[in-house]
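For reference, chains read A, B, C and D in written order, and residue numbers begin at 1 within each chain.
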Amino acid sequence: MKQVPFKGIISYPITPFDKQEKVDIPLFKTQVERLVAAGSHGIAPLGSTGVLPYLTDAEKEAVTEAAIEQVAGRVPVLVGVSNLTTERTIYHAQFAEKAGATAIMIIPMSYWKLTDDEIVKHYDAVASKINVPIMAYNNPAIGGVDMSPALLKRLLEIPNVTMIKESTGDVQRMHFLKRELGEEVAFYNGSNPLALAAFAAGATGWCTAASNLIPGLNIGLYNAIQQNDLKSAQSIFLKQIDLLRFIVATGLPRSIKAGLELIGVEGGELRRPLQALSTTETAQLESILKGLGLV
Amino acid sequence: MKQVPFKGIISYPITPFDKQEKVDIPLFKTQVERLVAAGSHGIAPLGSTGVLPYLTDAEKEAVTEAAIEQVAGRVPVLVGVSNLTTERTIYHAQFAEKAGATAIMIIPMSYWKLTDDEIVKHYDAVASKINVPIMAYNNPAIGGVDMSPALLKRLLEIPNVTMIKESTGDVQRMHFLKRELGEEVAFYNGSNPLALAAFAAGATGWCTAASNLIPGLNIGLYNAIQQNDLKSAQSIFLKQIDLLRFIVATGLPRSIKAGLELIGVEGGELRRPLQALSTTETAQLESILKGLGLV
Amino acid sequence: MKQVPFKGIISYPITPFDKQEKVDIPLFKTQVERLVAAGSHGIAPLGSTGVLPYLTDAEKEAVTEAAIEQVAGRVPVLVGVSNLTTERTIYHAQFAEKAGATAIMIIPMSYWKLTDDEIVKHYDAVASKINVPIMAYNNPAIGGVDMSPALLKRLLEIPNVTMIKESTGDVQRMHFLKRELGEEVAFYNGSNPLALAAFAAGATGWCTAASNLIPGLNIGLYNAIQQNDLKSAQSIFLKQIDLLRFIVATGLPRSIKAGLELIGVEGGELRRPLQALSTTETAQLESILKGLGLV
Amino acid sequence: MKQVPFKGIISYPITPFDKQEKVDIPLFKTQVERLVAAGSHGIAPLGSTGVLPYLTDAEKEAVTEAAIEQVAGRVPVLVGVSNLTTERTIYHAQFAEKAGATAIMIIPMSYWKLTDDEIVKHYDAVASKINVPIMAYNNPAIGGVDMSPALLKRLLEIPNVTMIKESTGDVQRMHFLKRELGEEVAFYNGSNPLALAAFAAGATGWCTAASNLIPGLNIGLYNAIQQNDLKSAQSIFLKQIDLLRFIVATGLPRSIKAGLELIGVEGGELRRPLQALSTTETAQLESILKGLGLV
């Protein structure tokens, strides 16, 4: 069995900024602490939620170190190291490994649509330079390239590519992975509104920013699945579906920041071009959170 | 609670033709009998699988009567009556009711993209002329129009529109229906590869032609769900996923006919322009059926 | 050079109905006469504009005969004979030929997505039974199947398939046809808002219902192109683009009927499920026609 | 009339690298010189062709200075300054202005899908900090966000946003801009295979990397349009359509580099993850160039 250090609810912190649009490391550590304390099974800094590509190299390094320091080994840490060029991806992967990351996550960020061969060589070049496991992340809406199940299968032949994060929102991809690769493959769901279907399809975990706001419901869903209790899973999932849809529709960094503030937690500022939720959007979010008894 | 006469596995027979491309009613009845005997919870003649729009009015009437006669009240019968014009839809709906159909199914077949108002008026005009319940069928790939969840909600306000068949393959539509309409709504899955996700989302039944070939696996999935046993459901679903995908990819009438012949059952002929599966396709199907121990 | 009897503006009459939703043949003939008198280079009854698939066989035959009788040889007549089954398409093609049609038009109407082989066999079966030329019509939005340029090339190998009508709205298809088939191919534009780009790409004609309302502008565009005067063509095209977009967005039968009435010509009734334009839509159309000095 | 310094063929140089994947400035200057000498009406460094987002800040600055120095005022220079964050976009815009750029080009690079308000504020923040004109660049395939015609209209209200580059490949967008904004708007085509349709629609210029290989044909098309000679324009366009399609399908940096080498010009290396064309692709390109008498 390949090395698969993650399962359950893998929580994605946002990267908060101060009024001058500088990364606010102390606030970031507070937010990471909340996620660990709430029972997250893993922490994933520098994901899309953490606006990875908006950060300078120095900022990425500071966030990596802060996350690992704050988590302090209580749960595994998955660090995002995606970059447009292969050389920079290797650089950040090596930094994360040295800093103590449990594993790293890579999405093939595409400007020019990459060929399958370019993507395989990209992962291979990074994998050969590090020893921690890699989670390959497929998210065409974010990365601009849709890795087919066949391509994902090729990537899994690289020894330390051991995990797949699927965010296409297409449950068929998960059936394919399960069918083709059986017990060998660990796949993770990255599409929030697909959480129930993904667990039903056999997902090992759920990569989510929702746990910044509703960790109990997220973990509750996972537990019901672990207990093979579909009826409870369905019921607990339906409670959270409105919030899951809302945070995806309005964008994770914007909606999580707004949600934190609505439930009385400091959210920090956004970095431009991102702007705060509109008044209408904020009211919608408040109404959803009220329905959950959170405000 | 609205009138919802269907649950479980609703089986779709093909419409077999003879060498002169005439409908073969005796063979059709034999095939319907197989579906009932196999344990189907309902029978649905004149669906897409039954090439409804390829038939003349007289042929549709003969098929309707043959199905109802053969089933003989053992399970409920759902008759497809969709037509491009409102007037003809009313005609066939009234015929089906008089012939003894338990309910009818209507997809808004679109040539010119219909507006929401045109669709509501279409259903309303038919519903006001009959007393049996109506299943509204959403399948943009077949009908050319995608009924939004909001439109489906409007349709459900028509008293005898009591059931929704969703074939977009998008599990989110089902979550929406469940979330919005709660216990009031019965929705059915019409996308074969989505069967597991749909049941996990709370589907009342599965409209499928797969039961012409693998009724045991189809019913087994439903039973596992009824027993709240997700692990078994997942396992039994993974066994059938390849066949489900194949029959959708190659088209239900063509693949079911071919599959029947491979397992030693008479399949009849197709009506042109439909052509038999190619040699390559037939070999693929044979290989899948072999994997299931059926050939 | 293959037999290509059409060029310029090929006008599509609507099929008007009376209050009882019966086809109004006298009114239809009046509308055909208007199109001929306005200078149309061809007349095409039983197109999408004429709601072909909403009609019974007898109605199709009456419309075919009425159109040919009214045109009386002044311009060529292109009769739509598309049908879901091959057998019925042959029937209507033979009827049209015997009635005096100059050529027939066939779109592969798809319920089940047809394979390329099924489509080729469909055209071939019809072509072998008649002697008039065939225009192959590609319109995925209407017919449900998108014939690739490679498939169109295969169809053109059938001796009496001599014309292509392209309605994808993708000018690249036209460049491909021109590049691949050179002077051998006559292609016609069926996407109204693409009229200028299509003529610039070398289209032989424009199949349009717009000439029910603005024949002068339609013919003016064609004439400017014939005179190699791009600047005038662009100018005359920009005058009509708003109307072209409107009639496509709201559907040709509905918008042409409404437009006729706005300019003081009898439009007849629609057959359900089609409904008249909404009040808002009618006001938009009136405003566009006012801008053109027509109301 | 707003300030519009560009017309005709605006040529996009690639950014060549050396064996160590470092930017090769001397080779870049040679390539820029070829483009000017061939008759380009403008030069646009740091576009997509120049792999802008693959470069460090220092590399972008060196390329900007090299391009402006080499062009030496013979034609206007359009510098790409797009960046994910607003702050960095301002920085590069100011650098380009100080270095002597005639205008700058900005595509709203999206990681999280930006809202219309976020995009307007992004352009506004940059525009308020510089005095040179801005070309707003719409290319959903590259940037991940599709700016609607309505949004482009909002952007044009910002005083120094004076030009639109449209690369959706949808000629309707251009008709809309022309119709809505009349003589006030200068729009440029960025979709190579759409060059003829775009000029027919009134495009002021064509932003292209094709002029690295076939400047004569590109300029010839523009000249025919200027002379209102559509027949010649069509003929000269059809000669180049295969090459235009090929370079788009395989990606501009990869195909231009390969094409340069096939015609005997030094192309430099690519930066990973980009890889050289495959052997098959190279053979296809060679065959196209042979057909044009270039190899």
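Note that a contact is a pair of C-beta atoms (placed from the backbone, for glycine too) under 8 Å apart; a residue touches a chain by one contact, two chains touch by 3 or more.
It should be emphasised that the depicted structure is a prediction, and the values quoted were computed from it without experimental measurement.
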{"item": "Inter-copy rotation, subunit A to subunit C, in degrees (Cα atoms; steps of 5)", "value": "180"}
{"item": "From subunit C, the most remote chain by mean C-alpha position", "value": "A"}
{"item": "Between subunit D and subunit B, distance of the C-alpha-averaged centres to the nearest whole Å", "value": "51"}
{"item": "Cα-centroid distance, subunit B relative to subunit C, in whole angstrom", "value": "35"}
{"item": "Subunit C and subunit D, separation of their C-alpha mean positions in angstrom", "value": "38"}
{"item": "Multi-chain contact residues (two or more partners), subunit B", "value": "none"}
{"item": "Contact graph of the chains (line, ring, star, complete, other)", "value": "ring"}
{"item": "Complete list of chain pairs which touch one another", "value": "A-B, A-D, B-C, C-D"}
{"item": "Subunit A to subunit D touching residues, read off their complex", "value": "21, 48, 51, 53-54, 84-87, 108, 111-115, 117-119, 121-122, 125, 141-142, 144, 251-254, 271-275, 278"}
{"item": "For the subunit A and subunit B complex, residues of the former touching the latter", "value": "169, 171-172, 175, 178-179, 193-194, 196-197, 200-202, 225, 228-231, 233-234, 237-238, 241-242, 245"}
